[in-house]
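Look for subunit A in each of the two complexes below; its partner is subunit B in the first and subunit C in the second.
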Partner chain A sequence: MFSTSALKVHNLSTHFYTRQGVVKAVDGVSFTVEAGHALGLVGESGCGKSVTALSISGLVKPPGRINSGEVWLNGRDLLKTPPRELRRLRGREIALVFQDPLASLNPVLSVGLQLVETVLSHEKVSAGLAKKMAVVQLHRMGLPDPDRLMRCYPLELSGGMCQRVLLTMALLLHPKVLILDEPTTALDTTVQAQILSELKRLQEELKMAVILVTHDMGVIAAMADSVAVMYAGSIVERAPVAELFDRPAHPYTRALLCSIPRFGQEALVPIKGQPPSLLNLPDECAFLPRCPEAFTACRGKRPPLTTVGPGHTAACHQLCLPAMVEVSKR
Partner chain B sequence: MLQFWGRKLMQYGLVLLLTLALNFSLPRLMPGSPLQLLAGEDVGLLSRAEREEIMARHGLDQPLWRQFTLYLGQLAKGDLGYSYRQRRPVAVIIWERLPWTVLLTGSALALSALAGVVCGTLAAWRRGRISDLGMLSLFIFLDSMPSFWLGMILVALFGSSLRWFPVFGAQSPFAGYTGWAAVADVLHHLALPLTTLTLVTIAGLFLTVRYSTLGVLGEQYITVARAKGLPEGRIVFRHVLRNALLPVITLFMLSLGFVVSGATVVETVFVWPGLGRLMFEAVLQRDYPVLQAAFMMVTVCVIAANLAADLLYPLADPRVRIEGRHVR
Partner chain C sequence: MSLLEVRNLVKHYEGSFYFGKYRRAKVRAVDGISLTLERGEVLGLVGESGCGKSTFARLVTRLEEKTAGEIYFDGQEISGCTGKKLRRLRRHIQIIFQDSASSLNPRWKAGAIIEEPLVNYGISREKRRERVLELMDLVGMEPGDADKYPHEFSGGQRQRINIARALALEPALLVCDEPVSSLDVSIRAQVLNLLRELKERLSLSYLFISHDLAAVSCLAARVAVMYLGQIVEIIPASQLHLQGSHPYTRALVEAVPAPDPRQKTVLKATLKGEPPDPSRPPRGCRFHPRCPEATGICCEEKPVLKEVGKERTAACHLR
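After this line comes the complex of A and B, so read on.
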């Protein structure tokens, strides 16, 4: 029903109802990812990237609750899908690789069992075939001696091996949408390059839509077609990857690009101040207290997302009122 | 793995030897002559020749190390001494009582483990709901109730008032039942003490299971199992319980060690002919050989249960197995 987009997230809000108050971890997030495309999701620690990933799969646990929003996959809204049907979609249509690889594997079950059960709970295949599928995919992920690995327990693996096992698990059933939360943190650069090229190959071959959460601009440059920048639970800028690197429109994006390492960049400039507490956020631009380019008109209201170029949007008062900026700068 | 088991066996062998030595020296360290401990207060009534005969029979005229080896030799033959009170060998008395205790405490433990695991898992799964809070308050209430008090309430209610169940003993006296009638009679007698004992032991298991299940439910690998689209049943039985029951295995095995010492209080309230009541009687009658043997049975069982828990645990938890492989 929605053109070619594999995944369309609309106005997603997930809040945590804690004793201290309501934490608005995700607040009105919207984006689409086309089949065969990869969207990079970047932002400082605690800005709501992982909660966004969990919300899309409907895996938010109390005290968190998805307050509003739609997640469209194959013409159906996942958030309104009954749990039984949602179970059949998870793992097969939409797969998620979590941030902490070692904590993601059950310590008392063998790697093989955890891979095979994923296949068996979705496909009517023999256990032998499921095992073969797992071994083949492990091998593609560059893991040596997959047969022996299948009999290992998570404790016997390194962090990088765990991460590749989890990627294998997510890719086994060739999902339409793949969400990767920091998929390369535990890998060294050579393995990382190998994994990324394998991911890229599968993504193109299977026309997967990929959401890639990362801090690593190198990974973004290698994998992503477009980038969404998150700040304090909202997306503040969205642009094709080259456009974002060349012409960042939001002051936060500019500060972020200066603060994290990427190729051909000399000095890193950290962003001043701390990310705001997501508890009781004021109803104005959340970046205001740290913004080097703030002016008086920024107070009192939220900036809407405005289009600044083809496929390029950003939420900043400067962009709505270019005339005013000129005035206040003078 | 074999090496691990071998080392454990050695460790426990040493502990066993130490307990036996303690058990051996206890009557010899107590005030008064060991003869008095052996024969009780009747010792004054015995003739000189009789005394010397008893001393010689128990090797009390021999040096201490010789006495100890004699004691071990007797134990190995299953000779636990002689009760001058009951004028019967202690081993016979104990063997008579043992099955009743195992029947009562064993079935109580099995029942409470089953109920504890089922209720504990359910409560954790429905955390904070009415069913969880209801079970939690019920079991804490039961836990705080002394077993003799609960037993007496059951006796008063179902025994004396309603007359549904007999209130003492394990069999109807002089009824001469045989076959299935005898079994039914025993079960009928078992009902109240079993209920009491189950109710007082269930709380610990319930709380352990509930707590550890809650811990496991918060783990990321459970969310990952959901994200993979596993059916709920598979998540509960394979991913949650496999982890949540690990502490319960240890708790259960350790309680198994106390199956023999049983529930002295419950057995006494219901006049159940088990080991617990035997110990109570032996204390009242100062029947030291019986007490000594009963204590030994209890300690040996506790050690055996510990050993079994230690040996079986690695089979349930690969983490221990893997670490065991590296530790020499």
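After this line comes the complex of A and C, so read on.
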């Protein structure tokens, strides 16, 4: 059952219990990622993409709580794994890289020490061997002069270099699943392009399953094999990447694609209004207030994920419409 | 006569000493920039972080003192303005910043924030009230929003407050320093459209600074490309994605991930490395260590901006 999919997330729900009420940051999210494939998780800020990433690796802190769901990795449910064992899995089986590279590194330890520490906390090897492994991996990342880099402190490096060091750290123990949370958002586009191409090469080399969280459709187009579009804590559309860009089925996906500035484009088509607050979300389609194609049947209930093509599902009442029309014809 | 003309503008941040030793070298943030901005025009300014875009914006708005060079606004040299003259000038040049939250006073209500410039310039109470409502309507805010505090607004709404405040005194030139970079995609399009609409309605001129080339090309007529404190190319926005003359312009365009899974050009981007330290710029053409086409002359001689086509100038030996 788990031969093809490296990671399987089923019905994941993470809620935050705040004084103002329950924030349903992630609400019933399911997806699978295969080895050697990249899943893009795309959406606006506050749609729950990052919380999904954190939930998978068991890093949600109170007042957040994972209410339900299963995360299957190697035939074991991560959400039922005791914290101590999970600690052992993180880094070895599943690795994370966050947006702000400088905040993720310890400023008072040299890069080398932090890399070596990662190896030593997981493997029973000598410090010398761990150091050698780190240098080899830095070299593999295409970083010049790894020996000098090992002696550097994070503040001596640029943002792009820090992010490369973090990627090296994440890949040091050859994890099966790599979760990237906005890995290039804080960087210049020129540096972003370099890091993306390095990532793509390493992903193919190491046959990793990658979950790429981003808000940039351009990054998705370049990196992902399949895409899950999130809105207000749920996945509203899931499709192979080419299919999503050619035939977006959900009005939100369509609107999102229209609102991206492209070269030579005059007027943009923005999405009206603001993303909803996740506090006390009504039990109906969350995109309804902003949807240009909403109709009366949209009110009152949540649309289910409907299959619209091979590997392509979307949650919109409109897609159920043809079936409803057919039923009424009969 | 151009609305804004900048000649050979230079800003160096002096090195600092510490117990008689050099602690920080002199940074050449802006190193000889000349450009013009016509009335009603939108001029884009792009480049990597640290290339001096924001310093240039601050020099033009007189938030920073130049080291050398001249700035002409409406035919008048403004870099020497002080006191009353400078105060009068500020009416005409306004700026909006990237971080919409930190540029608003968290203890003031939106209405008071928008009203402040009007108070500063002695406009009567009745007129002020009217003008605030007018401005809020202009940027698409509800009249009820005047009594809210900045934290009650989303990023996009806050940027609207910033725009309303900047427009309160009817400036001729609006300097936009990365106005949409911190906003979400769907909101970014709203603010970009608002800026375009305002420009048409109020016949404004923008100096539009961004690292998002696609966003710049949507709004600007001409785009100036900056590298390490200097302009390497000025090109019509419509030609930006087609054929930049300078290798750096082409590299920047290549690095923008296209929202199209069939063109994965980003993954083949040719530009390597990062911009060098602006305190020690390379000799000759500043771009030559990263340039894929660099030849002998590039390491030796500084290229100058010269005409390379219709309405196009570039600073490259190979053109």
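Things worth noting here:
Throughout what follows, the second predicted complex is superposed on the first by the 301 of 330 C-alpha atoms of A that agree within 3 Å, B and C clash if a C-alpha of one lies under 4 Å from a C-alpha of the other, contacts with A are read in each partner's own complex, and residues count from 1 in each chain.
Simple rule for what comes next: contacts are C-beta pairs under 8 Å (C-beta built on N, C-alpha and C of every residue); 3 or more make two chains touch, one makes a residue touch a chain.
Please read these numbers as outputs of a predicted model, since none were measured by experiment.
In the superposed model, A:L109 lies in contact with subunit B only, and not with subunit C.
In the overlay built on the shared chain, the residue A:S121 is in contact with subunit B alone; subunit C does not reach it.
Residue contacts after overlaying the shared chain place A:S45 against subunit C, while subunit B stays out of touching range. Measured by the number of subunit A residues touched, the leading partner among subunit B and subunit C is C.
By the touch criterion defined above, A:L155 reaches subunit B but does not reach subunit C.
Only residues 44-45, 158, 160-161, 188-194, 196-197, 200, 215-222, 241-242, 245, 255-257, 259-271, 274-275 of subunit A touch subunit C when the two sit together in their complex.
On the subunit B side of its complex with subunit A, the touching residues are 219-221, 223-232, 234, 238-239, 242-243, 246, 316-319, 322. If you check the complex, the residues on subunit A that touch subunit B are 54, 57, 59, 61, 87-92, 95-96, 98, 100, 103-110, 117-118, 121-122, 153, 155-156, 166, 169. Those residues of subunit C that touch subunit A in the complex are listed here as 48-49, 154, 156-157, 184-190, 192-193, 196, 211-215, 217-218, 238, 240-241, 251-264, 266-269, 271-272, 274.
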